[in-house]
Structures are given as structure tokens and as C-alpha cells.
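Should a chain be cited, it is by its letter among A, B, C and D, assigned in written order, with residues numbered from 1 in that chain.
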């Protein structure tokens, strides 16, 4: 019985003038701002979780725990980046995302982002349980065998 | 004969209101902006290389090739971050920096940043030679044996 | 004969987590980043001018000459801002935009932005002529009488 | 009896690579980020008010009410901007600052910034009284006659 692959979330982001540096290419911290938008879009558009309510009403957030990122090729103003997100691992209170940015048939950036589910009042980790875990799990790359 | 340790470059950065997010802590892409300032300060203050001339006159830059970064503990507005930079490795045209941010006796962020010496007109890698290599090498963590 | 009103360009921008400050509201310089996106969108979507080509190939830009801006009411993460742009005046080489941001039936920000058409190589003003003037003029609030 | 001039607060800000756009000059919203730093520095260094405590402990802030700003001449990476701040007017709960940025003997930007003293929990204006009013008043350009 084949291992079932999880879903991939995709969205497109236009490279703006304000993302670029004097060399005319994306200033690399701006990729992390775009990854932040990607995660917001994933919550809002795919998971059915209002990201603003998640923060403001539930006081939850997904602050970054660690990042591994390769900047393979530069991106320029006016390019449309296709971003995609998959979940590699879901731990007790953390998740590892595999994120890729592509344009013009090339990988531009690839990253592993480990976020922590945290209470934004206490800045403490919170276990990922119930409905949240179910929603995140749909994007898990190789979910465990069901039998 | 003991291995000689290289120099460490240090500078302090105040955490500003504009670095912080609605959770009241540094928005993580801002750490990379601060690391960019750290490298600029290293050039200007320690290496004796005017970073602006390096870009504008020599058309050289040190774009990011890859990043490994752990966000150990959050930082808040008004804290003074002590940043430090050492060089772990100097390759043909790339360098790996070890960067750490500390405050209140705690490590807040630790990162390995691999930058590439590149021509900002062609976006191509350029060999690190001569005086540049000498200057960077003074900050190399464990320089090769001299005998 | 009634004065003909010009067109209004509108677009929607989601208030992102990264636009907001520790007070949980949009950090005001971010409104200017959004206005920059608005002008880019106007070029790309309404005027039929590729903003990236305009910069990269024609070396033209519309740097800001002056700003008058009122921040009427704060905006929060998750709100959808409706931005609109009209042209109040077209001079020899400058234009004055009237820009408004609204959400929840309230004006949040209103601004007059005077941009200059400039060569980005020389940073000198360039006259607005021909097809460019025609395109901009369609958004002029009260075009001069035609007879 | 001559009108006594108030104090001027000055500080220097290096134009960083990350302040600049693909045209190689400061992206104008970044001036407002620098003005924000200027106000923070004024609190911390001149007024003897810890800006972080002001926010975090007293829940006070000085959000922007309105801006009038002229971008007179562009600034480039590596330039040292001299910023200065004076207070033109102190109202019940608002203040108007006159801010100027200079480099190389030229005015680069001049602005009038009207900020509001506000409670950051309620986003409501708060009267400027007592010690705060005294501290701000020392920077008032033309204080009222004392007799």
C-alpha cells in the first residue's frame, strides 16, 4: 500500500520594488517576510483558520524556532515567485515546513523552517492538539501508515 | 604549537520599536537586517573597507548564499543586543560566518551565514584574493598551521 | 457642459502581521510601502505599463517629491484595506496623487503624494509627454475643458 | 525681552544598504523609520525617558497623526545623515515636530510630524501633563512669553 503524500500549499507573490536592494535583486531578509505571508495565506486560505483571530483572539502564534535556507539564484523586481509549503514533521508543539520559491522554471530559494506553536502572552510553547493537528497533518509529506 | 584563534568582531544594536511585531518581540527577519548591519560595520570599522565604496565603486557585494539560524530566545524593544561575528571558513569565493546575538547573559540567536563575494553587475562569484583575503583571514577561527 | 471626472484606481491589500507594531496596529511607514505597491499595481494593472520594465529597461522611476498624509484611524492585522488613487494634477514632470485607504466603512489614511518622473541613472526629472501623459491623464480628477 | 529659543535634538544615522532601493538611494518610507529612531533616541538620550518602559510599562506611545514631508535631495548608501528635531507646538495631547535630515551640507528631507500621546491599549489620546509636558517644552521652538 503506497505511502500517501500530503497536500502542498502554493501561492504567487509579485517581487516588488520595495523587496529589492541596490543590486536590483531581492534583499534576502525579504524572502523571510514573504515566507511569513505564505504561512498567513496557508492559514487563511487553506486551513480555514483566520490568522488574525488566531493572534488577536486566541493569543497564539507560530514564531520561528530555526531556519535552514539556501538562496540558489537571485530574483528581480517584476518577477512572479511561486511559493510552496509542505509539512515535513509535526512534533509535540513544533512543525517543520519545507518551503520553496520558484520563478522562470528555476528554484530561487529553498528552506526548512521550524516554527513553534506558542502563546503570544507568555511566549511559551503550546501542544499542537485536536483540530489544529488534523488541519496541519493534511499537509504532512509522508503521513504514518494507517494500518 | 597551539592553534592561534582569530579575532572576533563585536557591536551593539538597540532593539527598536520598528524591529518588533504585535507580540512585542523582534520579528525574526529583522535579525537578518541586523546581521546585515553587523557585516557593514565589520567592513567599515574593523576591516578598513568602506562598504559603500565596495558596492558603488567596486561593484562588489557579499550576497547571502545560505543561512542556518536558531532563534533561541525572544528579544524585546529596548534591549541592547551584543552581536559578534567570526569567520569559520574562507573558500575560493565564499565565507562562512558564525554570528551570535546575546542580551541579558543569554544567547538569543545563533547563525551560520555563508556569503559569496560577487560582482553586483553580473551577479557572478568572484575569487577572494590578496588584501581582501588577508583582511578576512584575521577573523578566521582556526587558521591553518603556519609551519 | 459638465466637467468630466477622471478614473479612480482601486485595489485591496490585506494587513499582514509584518505590517504591525507592538501596539498591534499598522506601523505608519508601512502605509507608504503599501502606497508604493498601489502605484506599482496602477502601472501594471490599469495603465498597461510594466513597472519592472519601466525601471530596469527604461531607467525611469517615480520617486517621492513630497507627502501630506493624515492617519485618521488605526488599522489592525487581518483587515482588508481598500486603497484608491486619483490624479489631482499633472505638471511638467511631476504628478500629485490623492490616495485613500479605507476599511470597515472608515477612512484610515488619506494622503497627497507628489511624485516626480525621473531618470534613475541621473536622478534628474524628465518631462511627462506623449503616451505616458495620456495614460496618466485618464485618472486626472478634473481634466481641463476640451473646448 | 527676547523670545527664548528651545533646544534642538540631533543625532547621526548611517545610510545602510538595507535602506536603499534598486535606484541606489534611500527608499522614502525608510526615512520615516529613521524618524522613528530619532524620536526613540530623543526620549532615551535627551528627555531621560526610557522609550521601552514608556511603551511596555506605561502603555503609552506617540503614534503618528499627520505628516508633511519634502524629499529635497536623494541620499545614498554610506552617507551619514544628521537628523535634528525641534518641537513647534504642544497641544492638549499632540505635538508637532520639525524634523530635518542633512548630509554633505544639503538638506535631504524636511518634515513636520504631528504625533499624538496615546494609550496603546485603548488607542485613545491622553493629555500631555506634568513632567512629560515640562520635558517636551524644553525643545519648543518659541515658548510663550513668561511675563
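Quick note on the criterion: contacts are C-beta pairs under 8 Å (C-beta built on N, C-alpha and C of every residue); 3 or more make two chains touch, one makes a residue touch a chain.
Computed from a predicted structure; not experimentally measured.
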Partner chains that chain A and chain B have in common: C, D
Greatest separation from chain B - chain, by CA centre: C
Gap in Å, rounded to a whole number, between the CA centres of chain C and chain A: 31
For chain C paired with chain D, centre-to-centre distance based on mean C-alpha positions, whole Å: 26
Gap in Å, rounded to a whole number, between the CA centres of chain C and chain B: 37
Of all residues in chain B, the ones touching two or more other chains: 17-18, 22-24, 29, 33, 36, 55, 77
Complex contacts: residues of chain C adjacent to chain B: 17-18, 20-24, 27, 29, 77
Chain B partner contacts - residues on chain A that touch it in the complex: 22-23, 25, 28-30, 32-33, 36, 55, 61, 63-71, 74, 120, 123
Touching residues (chain side chain D, partner chain B) in the complex: 16-18, 24, 33, 36-37, 40, 50-53, 55-56, 76-79
